[in-house]
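Shared between the two complexes below is chain A, which pairs with chain B and chain C, respectively.
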Partner chain A sequence: MLAPAMAEVVAVAAESLAGSRARAARTVLNQVVLPGEELLLPEQEDAEGPGGGGERPLRLNAGARSRVRVVCGPGLRRCGDRLLVTKCGRLRHKEPGSGSGGGVYWVDSQQKRYVPVKGDHVIGIVTAKSGDIFKVDVGGSEPASLSYLAFEGATKRNRPNVQVGDLIYGQFVVANKDMEPEMVCIDSCGRANGMGVIGHDGLLFKVTLGLIRKLLAPDCEIIQEVGKLYPLEIVFGMNGRIWVKAKTIQQTLILANILEACEHMTTDQRKQIFSRLAES
Partner chain B sequence: MGKTKLSKNLMRMKFMQRGLDSETKKQLEGEEKKIIGEEHWYLDLPALTKRQSFLLCEDLLYGRMSFRGFNPEVEKLMLQMNAKNKAEVFEDKTEEVDVSDEEMARRYETLVGTIGKKFAKKRDRVSYEEHENGDVKLPKEKEMFLKPRD
Partner chain C sequence: MEGTMHADAKIRAETGTESGPRGPGCSLRHFACEQNLLSRPDGSASFMQGDTSVLVGVYGPAEVKVSKEIFNKATLEVILRPKIGLPGVAEKSREQLIRNTCEAVVLGALHPRTSITVVLQVISDAGSLLACCLNAACMALVDAGVPMRALFCGVTCTLGADGTLVLDPTAKQEKEARAVLTFALDSVEQKLLMSTTKGLYSDAELQQCLAAAQAASQHVFRFYRESLQRRYSKS
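Right, the complex of A and B next:
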């Protein structure tokens, strides 16, 4: 996936250095973009006449504003009235489903280091128990705090059975650059929904963040093929951690190796490996 | 005598608004909004909200998975959560009622009697027992003290 992109990147870089004019986001969809590039939103392409300076005057009239509400996702930032790219990767766009206009633009980038984001489901390791909260290592810059009341059916008398070293599957409720991240193991209705302590045994290993998103895509063939091999259980954390468990240790290790390796395999190589496994 | 013209600020006070009817209120509100709208300055920039999460960018499946019956609870959860994402689940079948309406009515009929018996005095309980062949009759009215007439 990355090798052909390198050739593209060189061509693109040359072009953008020569032109040094902002390109329309629409024309760059699914192409590689580099940090520092500015992209125009669709509604601004008409206004951008020859020599467009980028200065937008303040207006006093309450005229009809044809504003489309666009969301800029990860890898993009607002710069004046344009989008500024901050990560290298492919630009993606998603149309709005239920009509609340604009859609989402984001950059599909690859990285190993996780930065806590609110709403993400992650796998954490309990590192300390202090008073009413647990300190959970999620792979970010600081350990997240998890209150003992944030479990389903937990009360002050009825504490959850969590020890140091346990694996926790939870989601973030507070995650920004100014505060310590906080996570919980219940949803907004108070139900666990599969969150909480992950059972004993099994194997936890780390992969890149892009692979997690690829494996969790709705049409991922890898997961479908893996599921046909033998009975197993997998938990994916958005912080790059995967926990797997199968009936025997050997099966667990095979599964872990497959998931780690499938990032760099082509479809054919993968099919070969699966057919060899199915035989044995 | 001509009507004294009350000032605009006085008319905007709460105690003056109570007597107005809804139409005049709406009209006044509309005028206020127009004044405020014209005075507002705004930047003519596109509305760009910044979201860091990948969740609304890509439709991702639920993070816990189990295959071939390894963990039945997780398999149930998988169906639930993934269906929720696709917004397919819509409970079409009506809830099965445990007890039919007729039986409920019959139960309540006798219930009135049994609970009433609990609070009835010993004298009145006799009247309950007389009618125990199925239908329940309320006890006779309580006899109050009658003041003697002169």
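Right, the complex of A and C next:
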């Protein structure tokens, strides 16, 4: 009875030591990481100097190797020269498209709550009109402000037709932890580019943030399959909101149910459901 | 909805100073954890240790009343509801202990002027309630995606009249014990985040209990890891 117990405890102690040591980021790619883990960044030697012929330039700090510039995405924070994981999820990496730099590391986590990020396109609901700005609920910790001039072709005399309760598709121009988020419905050139007030019919429903990212990925087949079923209009907000409109109310509801269920279905189940709907 | 993760986490916890186990009762009860089971909260979890079961919902970072907002970090609120009756002073003190543990671990500086609310409901109490609440709160915070600097867990241990150390006691063992000690430990270096004790014990015994709790916390963290890996492997 004693011997296996002692062995178990020794094994546990060894495991715990291994767990507390920081691991290299590239060995943990696409694996689940937990908050509190530390990741080591890959270090890179300097490229060969212009001396040619295998000569190495002399460096004053001969001992230190230079580090690659890596972008720290959602779920990771810098901690000295390491990355500290702050959310649970799969660690992902994207190689840099061009130029130097070690690319981007981030944690793919499943979340329901949205935190405003600059540049994100979101669907908001107008909750109040006060003076020159609208207060728009985007699902974050405070309502975003939207100026009435931030619409295409809006001037002081030509005000946009926005009422309380309308749906707005816009993007954040100011979104940080210290300030109230601000959104606009025009891009940097002054054009609407699809943003603005969303039509009165249709259905708005909420899904998790991970599902939105999955649906908006360039290689996602779900949207193509859905488009083949019925003609539809669809707007995705990065804050987890989707607005859908089809010809009849029944079709709209079917589409909404399919998109909500996509999160838990496997590819085969989804194809089955689509083929069944296409027949009927 | 996410599946249940069961783990048979039976260990023999050895104290640092002795070569053999203290007594026949040094083992953790069967664990079970389920995440994302409630649809309204941003994160939810249910944690079971033996017959003790706690359900937790986390809302946040959400709007906060101006009177309660803190300018440079998130306001953390904990509400603990007992199984029967209205919450009383005991619940209030447990809420404060859980709140202090969560505040040490949650990165509130990333979400100033917001509120993170943790609501715990006791489903059944069969001993080690505070430890179960801490474990469930940690799982729910992870489910909600609240940024944390480490995971934490709770471990309860009792000292009998003859000095026997029992980890994860049942209600009956807690009643008969000379002292009941609950520790909250973090996952990075098993450092002590919170401790609450009741009863009579010497400081050598305190160190022994702490060492035993630190050894037991390894199993709890391993269970967390397996549970979360299983959850993410489904997607």
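Note that in this section the second predicted complex is superposed on the first by the 236 of 280 C-alpha atoms of A that agree within 3 Å, B and C clash if a C-alpha of one lies under 4 Å from a C-alpha of the other, contacts with A are read in each partner's own complex, and residues count from 1 in each chain.
FYI, a contact is a pair of C-beta atoms (placed from the backbone, for glycine too) under 8 Å apart; a residue touches a chain by one contact, two chains touch by 3 or more.
Since the structure is predicted, the reported quantities are computational estimates derived from the model, not experimental observations.
Asks: More chain A residues touched by chain B or by chain C?
Replies: B
Asks: When the two structures are overlaid on chain A, which partner does A:147 contact: first (chain B), second (chain C), both, or neither?
Replies: Neither chain B nor chain C is touched by A:147.
Asks: Counting only touches as set out at the top, which of chain B and chain C does A:218 meet: first, second, both, neither?
Replies: first
Asks: Contacts for A:83 in the overlay, against chain B (first) and chain C (second): which applies, first, second, both or neither?
Replies: After superposition on chain A, A:83 lies in contact with chain B alone.
Asks: Let me test your reading of the model: by the given contact rule, A:251 touches which partner, first (chain B), second (chain C), both or neither?
Replies: After superposing on A, A:251 lies clear of both chain B and chain C.
Asks: Overlap of the chain B and chain C footprints on chain A, residue-wise?
Replies: Dual-contact residues (chain A): 77, 115.
Asks: Considering the complex alone, what residue numbers of chain C touch chain A?
Replies: Listed in rising order, the residues of chain C that touch chain A are 11-14, 20-21, 36, 42-43, 60-64, 107, 110-115, 142, 144-145, 147-151, 186-190, 215, 218-219, 221-222, 224-225, 228-229, 232-233, 235.
Asks: Considering only the defined contacts, which chain B positions touch chain A in the complex?
Replies: 37-38, 40-71, 74, 77, 81
Asks: What part of chain A is in contact with chain B in the complex they form?
Replies: 41, 43-44, 56-60, 62, 65, 67-74, 76-78, 80-81, 83, 92, 94, 102, 104, 106, 115, 117-121, 169, 193-194, 213, 216-218, 223, 226-228, 230-238, 245-247
Asks: Write out the stretch or stretches of chain A touching chain C in their complex.
Replies: Against chain C, chain A makes touches at 2, 5-6, 8-9, 12-13, 15-16, 19-20, 32, 34-36, 75, 77, 84, 86-90, 109-113, 115, 140-142, 177-178, 210.
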